[in-house]
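Read the structure below first, then the notes.
In this document, chain identifiers A, B, C, D and E correspond to the written order of the chains, with residue numbering beginning at 1 in each.
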Amino acid sequence: MTMIFGIPLQAFLGQLLIGLINGSFYALLSLGLAIIFGLLRVINFAHGAQYMLGAFMAWLLLSYLGIGYWPALILAPLLVGLIGAVIERTMLRRLYTLDPLYGLLFTFGLALTIEGTFRYLYGASGQPYATPALLMGGANLGFMFLPIYRGWVIVFSLVICLGTWLMIEKTKLGSYLRAATENPVLVQSFGINVPFLLTLTYGLGAALAAIAGVLAAPIYQVSPLMGSNIIIVVFAVVVVGGMGSIMGAIVTGYLLGIAEGLTKVFYPEASNIVIFVIMAIVLLLRPAGLFGRDA
Amino acid sequence: MLDMTLTLELAKRKERSPAIVQTVFLGVGLACLLLAPLFFYPVFLMKILCFALFACAFNLLLGYTGLLSFGHAAFFGGAAYFTAHAVKEWGVPPELGILLGVVGAALLGAVVGFFAIRRQGIYFAMITLALAQMFYFFCLQAGFTRGEDGIQSVPRGHLLGFIDLSQPTNMYYFVLAVFVIGIAMIWRIINSPFGMILKSIRENETRAISLGYSVRNYKLAAFVMSAALTGLAGGLKALVFQFATLTDVSWQMSGEVILMTLLGGIGTLIGPLFGAGLVVTLQNYLATSEFPVTIITGIVFMVCVLLFRRGIVGEFYNSRLGRRLGFEHRHKH
Amino acid sequence: MKPLLKVAGLNAWYGESHVLHGVDMTVGEGEMVTLLGRNGVGKTTTLRAIMGIVRERRGEISFAGEDLMRVPLHRVAHRGLGFVPEERGIFSTLTVYENLLLPPAVAKGGMTIDEIFELFPNLHERRNSAGTKLSGGEQQMLAIARILRTGVRMILLDEPTEGLAPVIVQRIGEVLKKLKERGMTVLLVEQNFRFASKVADRFYLMDHGRVAGEFPVSELSGRMDMLHDVLGV
Amino acid sequence: MTVAMPLENGAPRVVLSARGLRRDFGGFTAVKDVDLDVHHARVHALIGPNGAGKTTVFNLLTKFLQPTHGTITLLGEDITRTAPDKVARMGLVRSFQISAVFPHLTVLDNVRVALQRPNRLATQFWKSLSSLDTLNGKAEQLIRSVGLDKEANAVAADLSYGRKRVLEIATTLALEPKVLLLDEPMAGMGHEDVGMVAEIIREVARERAVLMVEHNLSVVATLCHHVTVLQRGEILAEGDYATVSEDPRVRTAYMGTEEASR
Amino acid sequence: DASDGKVKIGILNDQSGVYADFGGKSSYEAALMAVEDFGGKVLGVPVEVVTADHQNKPDIASNIARQWYDTEQVDSIMELTTSSVALAVQAISKEKKKIDIVTGAATTELTGKQCSPYGFHWAYDTHSLAVGTGGALVKQGGDSWFFLTADYAFGYSLEENTGNYVKENGGTVVGAVRHPLATTDFSSFLLQAQSSGAKVIGLANAGLDTSNAIKQAAEFGIVQGGQRLAALLFTLAEVHGLGLDAAQGLTLTEGFYWNRDEESAKFGKRFMERTGKMPNMVHAGTYSAVLQYLKAIEKAGTDETEAVAKELHALPVDDVFAKNGTVAPNGRMIHDMYLLEVKKPDESKEPWDYFKVLATIPGKEAFIDPAQSGCELVKS
């Protein structure tokens, strides 16, 4: 049998694939963060909470309205995006003229509130959410047993990431977004409705988080804590990527997911800090991050 | 570059700031602290003082250098572990134990700072958060911290060999003394030539470089000082409560100290004291009430950021009364 | 001449500081008017207040007969008013080309990209580099060029010659003249008095947040002592 | 018009020199084979069309950018690989094309911050702020010399653009640099200030070297002893103003057909 | 008689954090039920129960504990979820000569090196869980083990204790993998466990980690593949959160199951009416602790600490939670534990009918021999 680093090639491939699944979540989440940061200069600490909200929304839709996975995949992000938009409209927007750290602090408070509310209402141990019937079961790939649902996660996240990237890089909307990041007042003086654009962006970022949440619901326990567990890692992903580019956020997300996955095989104890270690190394060698623009 | 400025200017503009008013305020404040144990629960007061010192040290970085660290819990909790371990396992006297905590926190600060100052603004915040999280995992796994049990039953020992710190009153005045010394040190750093350079770096980093200041060294120095003073608070807390646990190194603790500083007033010297007092009281009160703590904390955070950015003390300085008394708290965007 | 822009009793504030104390001026259709004044008298603020970027303002502003006071900033451009700020506002994350294409066209009659590149060959040469990688002068050209595409009827131009090489200043002068031929209305803020005298029809002199004087270009030579008093020329 | 060279004992001393300076940005070469000698007690103008690479040369000389090729010598020392703050400490100080002040400090404090380092009052975290009062005399003198005395206690952010530029010059001078690099110091200034700043520069240049970028040709003509014209990153012409301004290449590339100076 | 005209019991636990389901507000309900069942009064004075949320912060817990003891005449504190809190409060109680009865925390330190003459450990501990699941499962044929262990002291001790019992009973441990705390994705680890070929996969972790591991094991078809999952710290509350679909076939140990017999079922239904959920061992344990405490006061005729502690050590425990319980000199309440298996969805006949009792582990086997505990109170 072929061996790689002392483990069979097949197992190695399996772990690679699993890393990719993890990476799908990182990519979706860091993408949303990068978009929100890019335009609003807000580090959205509530991103984890919005991810959790997405998952819970799916669960709530199912248990109270009987709405299943597929509609939820659209409805939940829509709802979360809407909530995000309302928050941006009513509160977050007052902070743009201030130092960016206030945005961070506000969303931190928001995250605590959302998470606390769900913990209060639904407890910490989480809720079950079943895999949709269509994606039940698994496929034997020869080197591993791949649950079909996980394959779906990879494919769907790739589609969403690429779609978002295309929308931002290749359309006029994207250049509005990028320009408004630098000088919103000027862009507005050109006749572009920047406030609306900002609302839209925050809503979009939140919706992306929610998509990740819905995708996660059948895999992970739908729990109020699921967001805060992942968000700090995603921050590190973002630092490694450097928030210069949307593509950077996506690629780094997948790469670090794989790196983490492989660490789980070779040195499991370090798998939660491997991303932080990579972050430190990247900071030493390329302070602006892998894809950061300014040197 | 951070475009936030919060300056407390006491030393200058003597014509507008009758030094007497401030001396009176200082005197009354100190008297209150000296008499407080007559009215309040000493451990509760000591906890406030520890957190206040923590928040003041944190504020040294945020309020005066413009660096938002989201990882200060590492220095606080780290120092608590170092002190607790030294006192309990090696049997060193309390003052030495605290000193070890401070040194440990400073070293930790040097390492974290070394990485973090490479980036600015929110990146800085995220890097400190991530590194602190690494330290959290280290504490979780390292043997000497005893995992989730924590280092328990740490003896308070005898200060200078003869003052019995297990007496609450003795302990309280010891804590108060350390607190006052810590604050005095922070005040001195802020209102020093060095502090002035920090301020200018926050204002315009490139210009500071072109004036010949090695910005990185200044930032790192400020970071290490803040970490060391945070360590002072952490070591002290370990002695007050006689344990050191994971709570103090968790990222939620880093968030809490920000809340305290924000509530009290970023960039004000004594604001964090009020912030800490309020948060500790709130947590104690909420513990026995029906309200879920996290929700309330979160809402306080949001309201603060949206409506009272200057914090309690900042708002006071900025009020008509505060200005009349000669305080000034500038907050520009 | 029909007035296109009419400003009356315009006051403006930055927080607590009161900067404009009742500015009155009119700019006729197709006219090129220059606002002169020392540093800090409020020239930039006047433009920003007209545009609606400074929102703490009081008074009357009407453009083509319409009241602008209540129009939100992003609708002002659609009424036909464009603004080129002093600090140019080139976007670093966009290329020169994307910068040019950024402002949406609000009316017909704007220049085409080809016309613009003809006017500013430098921009053509560097069209694919990032906006802020341009030199100061190139940025200024880009800032002006960008507005010309949109088809606005009037532009507010804040110190367009600042920091430009004499050849470029000359070129900008020519551009302004061409714009005038096309019927564009311009309100220009300028320190470079000699440059202004070549392009402007009329001058307003500002002092302390007010208009201190007004004269057509023909009277320029007779007003030198006034200019001396107010500008120190 | 030619500005008379100050007479020095012996040959004018070169304090800052660059040889074969080059800088590429991706595929684009912003500065190419530039040799430059800046002399003590002379005002040296660097002019050229926009985008010629003047600011880039400044950034290279002050080490805010690393040259792709070439060497830079300051006061006899090779500084090609030195950090920017170190270069500043060695006596090479610059101003920026876009004004650079400490926006929320007062004018006085802006100048004092600059004075702190040369007076060894920067790292003392144990001393009181009033120890900086010893700098007040010097600071006020500088402020007066640039005509900012009325605004001495104003916050820098509240100054108009032109006044900020003046303040920046005052802070630059505070360091008593041996070599002064000024990037368009008069841009955006009113006429009075232009005259005043020109006078200041003339004054300081008696004792030190000045290299400045300026588009205001009348200033260049009356102030500068030596002119280097850059075009597309390369040196097009060099000499005193009279010589350079007669050069037909310079006229087409930079000055244009008519005097458009202020 | 009672010192200050009433007996006051404090229930101090996590009511808003990660362990809020584990004990939480419902533990307070359980305490109230015990007081009611006892008659509301002891020695003729009223019994009062107060409660506080320590938010998993030992410093808050310790502040509250001191305040309760010093200024609010609280006589004893119970529940005490999470070991750092339990140890800190036990130290204070010892110093203040007050009684504490821990039902929420797992660490054996409470009755080991850090034991207190006034401190009691009631419901379970890491050792009893390990013995229950490890020992008993081997006897049922699960003789080769692979551990998924949370990478910190708690996880190690569960793994080590369980491993020892597995080996003692003739089984083998074929491997282990250490995963970081708060891991969300377990698939890598599960694949390793799967390929190890072990009959039992032991989950030496807690809370959300365990839930996620179980959920993902179902996804990867681990149980269908013939392997068995054994959770080392998992209770009814978490099984409820996971749902039977994901949890079916899981083995675990608890000190209580509401559907164990008629009496427990009656208690469970009463509890359910008040809280909306069935009790787990922490809730039932708290009920038992309060009840026993009141019995001891009555027996001692006073609420004075020394006397009550003495009675608590002496009195046998016989209530709905523990049938034949005794209290060892180190404060450990020794009682039977139950090895449970989660039913398949179609086996479950009513809501909350989740477990089959596979075996009863006698107290003597379940808990550390007091003489070996390291507690200095035990005279050898």
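General remarks:
In this text, a contact is a pair of C-beta atoms (placed from the backbone, for glycine too) under 8 Å apart; a residue touches a chain by one contact, two chains touch by 3 or more.
Quick caveat, the model's predicted, so the values are computed rather than measured.
Taken together, chain C and chain E share the touching chains A.
Each of C-D and A-C has its own count of C-beta contacts, and the greater count is at C-D. Chain D and chain E have centres, each the mean of its CA atoms, that are 75 Å apart. A separation of 38 Å divides the Cα centre of chain B from that of chain E. Averaged C-alpha coordinates put the centre of chain A at 33 Å from the centre of chain B.
Counting only residues that touch two or more partner chains, chain E has 16-17, 151, 180-181. Residues of chain A in contact with at least two other chains: 116, 119-120, 269, 272-273.
The multi-chain contact residues of chain B, meaning those touching 2 or more other chains, are 3, 137, 141, 292-294.
Inter-chain contacts occur between A-B, A-C, A-E, B-D, B-E, C-D. Per the touch definition, chain D reaches chain B in the complex via residues 62, 64, 83-86, 88-89, 93-94, 96, 100-105, 109, 112-114, 116-117, 121-132, 155, 157, 171, 175. Interface residues of chain B, counted against chain A in their complex, comprise 2-4, 62, 66, 68, 115, 118-119, 121-123, 125-127, 129-131, 133-134, 137, 141, 251, 255, 258, 262, 292-302, 304-306, 309, 333. On the side of chain C, the complex with chain A involves touching residues 51-53, 73-78, 82-83, 85, 89, 91-94, 98-99, 101-104, 106, 150.
Listing the residues of chain E that touch chain B in their complex gives 15-17, 50-60, 62-64, 66-67, 70-71, 82-84, 87-88, 91, 107, 109, 114, 151-154, 180-181. Against chain D, the residues of chain C that register as touching in their complex are 17, 38-40, 44, 86-87, 122, 126, 129, 133-138, 140-141, 159, 162-171, 173, 191-195, 231-233.
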